[in-house]
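Here come two complexes built around subunit A, the first alongside subunit B, the second alongside subunit C.
Now for the complex of A and B:
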């Protein structure tokens, strides 16, 4: 049951790697494969929601010997988020006309990596799935094959390869100090490890995931890559691949290194603050749509880091909620930003309002959750910062929107199919904003699956 | 032994980091490979223990088989990444006759200048212009236009 979404994507990826993805039937087949993976993840999610976390040792080994797959609500939320964003980007590209025969297969492989990575309960297996999605991303960034894309691909590969190496080093450091690779056992063993090695491995892993996420001091690669790639690839990178960073920070930080996370809380909050302010100021000073969005992405992950730094059930729930909203917003903005026509313009406006935190678009939920956490924890500075960040993001999104409307009047209209795709995505974001209860409930359950959050 | 391994890791990592700062793409990839292998050596070092081969029945202390399994996986992954990156370099060489990152950014700027003021009729005239050129950049623009 656990392995079904992974198996579907794996098999589908292999079949599509042989087929010619530029042909319509093959491209729509990839959409069907991804949809069935989402449906099976949903079915799995319903079981997990009712009966609690599930485990499976692969290869017929007994639990504790073989590599384990383990699914809880946190995994389900992140799997559905990544797959949903990938589906939107894939349909967008299929409707627009796929430019390279390998594109659908690579998207499926990336879905496989992202799903496997949240489903696994083994630290080294996490690395393997992580690399599957990273290698797919390396291929995707060069999609388009103009000098811009090639240069973006080299920047992306160099920096992210370093990130992967750091993560690998972190994992072998954990293995060296605890003697285990299974995440549950590492968690049980971690309090017995001396403080210095534990802090060192936690820091290495934090750096690795911050590079993926494009957090403030590690952000330097992000604008070059996001502006250099095609819109659907930028949407995938910021909406699906960046989830690796958030999920990794939550899973490794709150689950495996809770003690170190609490010690590092002031640093996390400081870095988050720097990220928010730096991202917002840079976004204000830029003109190209993708560049503004890239810097806005740097700013938005700062909020996630602050929520993590505050911690506790409410803090983790806010971090997960913010990730879900930010990923969908960024996917929508990158996809609709390159289109022309009034439908796409409306979709872009909804995304822009969502980032700025204007109801009824869903973005205000994340800001509200952070506000509540800040007030409950009695941190006036934090509330002021969220307000300032929100005001700045309102200003730059409004500027961007005004520039875009001027552009739209000057040019014609994009194909209807692509516009309909972004409008659907915009409707999802509006829907979440109007009726947020199911998502809030899911996110709360996801945060409760972390043992750290269960302690009052 | 631990000291020797850590010195070897440090040297490989330093050499790799130095190469990664170069603008030449081949050197950049050599740097990637070196850093990847430094990480592999680090995994080996994390389970460095003398002992017999871990084959059943176990009656004496055995070496750690898990790190070797991990390192094998990591080697395959870094190998695949390096192959992918080299393939990318080859594509760059085919379209620009150069593997220098600064040349690539120069070509990008030229293309940006060409793309910037494009409306439909302008695009037509640019296509006509580039048809006569024999330079690599002209060739690339023609390819892009055909595509």
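Now for the complex of A and C:
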């Protein structure tokens, strides 16, 4: 049961690698494969929701000996989020006309990596799936093959290989200090490890995920890459691939290194604050759509870091919620940002309002969750920061929107198919904003699957 | 001026590359086989085998990579490898077994050949070897081919410009460096 979504994506990617993805039937086949992966993940999610976390030791080895796949609500939420964003980007590209024959297969392989890494209970296996999705990302970023895209790809590959090496060093350090690679066993062993090696491993892993996420001091690669790639690739990078960073921070931080996370909380909050302010000010001063969105992405991950720094059930739930909303917003904005026509314009407006935190677009839910956490924890500075960040994001999104409307009058309209895709995505975001209970419930359950959240 | 004189040192690099090709494969296969008793596996073996072949391209130019069969079929090899690895992982499910169940099973007798055990994980490892080898050689070859194509296009443009101006190639300041 657990292996079904992985198997579907893996065999789908394998078959599509031989087919010519620029042809319509092959391209739609990839959409069908990804859709069935999402459906099987949902079925798995229903079981997990009702019966609690599931695990499977591969090869018929007993639990604790073999490599385990382990699925809880946190995994399900992140798997569905990444797969959903990939599906939107894939359909967008298929409707617009796929430019490279390998594109659909690579998207499926990225889906495989992103699903696998949230489903695995083994730290090294996490790295393997992480690399599968990164290699797919390297191929996607160079997709387009103009010199500008090649340069963006080069920066992206160099920086992210460095991040991967950091992560691998961190995993080796954990293995060296605890003697385990299984996440549950590492978690049980971690409190016995001396403080300094534990902090060192935690820091290395934090840096590795921050590079992926584009957090403030590690953000330098991000704007060049997001502006240099195609819209569907930028949507995939910021809506799906960046989830590796958030999931990694939550899984490794709250699950494996809870003690270190508590110690580092002031640092996380400081970095998050810097990220929010820096991202917003840079976004204000930029003009190109993708550049504004890239800096906005840097700012938005700051909120996630702050939520993690606060911790506890409410803090983790806010972090997961913010990730879901931010990923869907960014996917919508990158996809609709390059389209012309009033439908695409309306979709873009919904995305922009969502980032700015204007109801009923769903973005305000994330800000509100953080706001509540800030008040409950009695942190007036945090509440002020959320207000300031929200105001700044409102200003730059409004500027962007105004510039866009001026441009639209000057140009014609994009194909209807692509516009319909972004409108569907916008409707999802609106729907979440109007009827947030299912998502809030899911997110709460996801946060509760972290052991630290269960202990008051 | 480059520090190395290409004319003088190419011979050394080229003969070195040729000499090392076969040993690199022998070492790769040895690393893969001894992985069942000692450090090593299909992944590192694939990297070493790929380095041996890529060195030929470095010494003789990318055209050489088009000639060598091992590099021409690299993309196919990585595809075959992926297929092998997937089958060993998922075929057991068809027989009602767990994912990645291997045969002969745990605590069952397996045929030995030195340190090598004949068990299905060996097939998985060969698959990993082929994926890594094929991806390294195929990917780097594709990038190098594109790079060389662009350089040639640029040089051809320069040559045409210089002949239409009536100048000769010897005056050309933009030296061709690959």
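By our rule, the second predicted complex is superposed on the first by the 456 of 456 C-alpha atoms of A that agree within 3 Å, B and C clash if a C-alpha of one lies under 4 Å from a C-alpha of the other, contacts with A are read in each partner's own complex, and residues count from 1 in each chain.
The definition used in the following text is that a residue touches a chain if its C-beta (ideal position, glycine included) is under 8 Å from a C-beta of that chain, and two chains touch if they have at least 3 such contacts.
Given the structure is predicted, the values throughout are model-derived calculations rather than measurements.
Visitor: Return fit or clash for subunit B versus subunit C, each positioned on subunit A through the superposition.
Guide: Superposition result for subunit B and subunit C: clash.
Visitor: Quick one: is A:154 in contact with subunit B, with subunit C, with both, or with neither? Answer first, second, both or neither.
Guide: In the superposition, A:154 contacts subunit B only.
Visitor: So in the superposed three-chain picture, is A:427 touching just subunit B, just subunit C, both, or none of them (first/second/both/neither)?
Guide: Neither partner.
Visitor: In the superposed arrangement, does A:17 touch subunit B (first), subunit C (second), both or neither?
Guide: After superposition on chain A, A:17 lies in contact with subunit C alone.
Visitor: One more residue to check, A:59. First (subunit B), second (subunit C), both or neither?
Guide: second
Visitor: Per the contact definition in the header, classify A:173: touching subunit B only (first), subunit C only (second), both, or neither.
Guide: First partner only, subunit B.
Visitor: Kindly classify A:181 by the partners it touches after superposition: subunit B alone (first), subunit C alone (second), both, or neither?
Guide: A:181: touches subunit B, not subunit C.
Visitor: Contacts for A:43 in the overlay, against subunit B (first) and subunit C (second): which applies, first, second, both or neither?
Guide: In the superposition, A:43 touches no partner, neither subunit B nor subunit C.
Visitor: If you tally the residues of subunit A touched by each partner, is the higher count for subunit B or for subunit C?
Guide: Partner with more touched residues of subunit A: B.
Visitor: Please work out whether A:376 is in contact with subunit B alone, subunit C alone, both, or neither, and reply first, second, both or neither.
Guide: Touch status of A:376: no partner.
Visitor: May I ask you to decide whether A:288 touches subunit B, subunit C, both, or neither, giving the answer as first, second, both or neither?
Guide: So A:288 meets neither subunit B nor subunit C here.
Visitor: Which subunit A residues come up in both lists, the one for subunit B and the one for subunit C?
Guide: The answer is residues 135, 145 of subunit A.
Visitor: In their shared complex, at which residues does subunit A touch subunit B?
Guide: Subunit A reaches subunit B through residues 124, 127-128, 131, 135, 138-139, 142, 145-148, 150-151, 153-154, 157-158, 161-162, 165, 168-169, 172-173, 175-176, 181.
Visitor: Give the list of subunit C residues in touch with subunit A in this complex.
Guide: Residues of subunit C touching subunit A: 79, 82-83, 86, 90, 93, 97-102, 105-106, 135, 146.
Visitor: In the complex of these two chains, what residues of subunit A are touching subunit C?
Guide: Within the complex, subunit A contacts subunit C at residues 3, 7, 10-11, 14, 17-18, 56-61, 66, 69, 135, 145.
Visitor: In the complex, go through subunit B and note every residue touching subunit A.
Guide: 20, 25, 28, 32, 35-36, 38-39, 42-43, 45-47, 66-67, 70, 73-74, 77, 80-81, 84-85, 88, 91-92, 95-96, 101, 104-105, 107-108, 111-112, 140, 144
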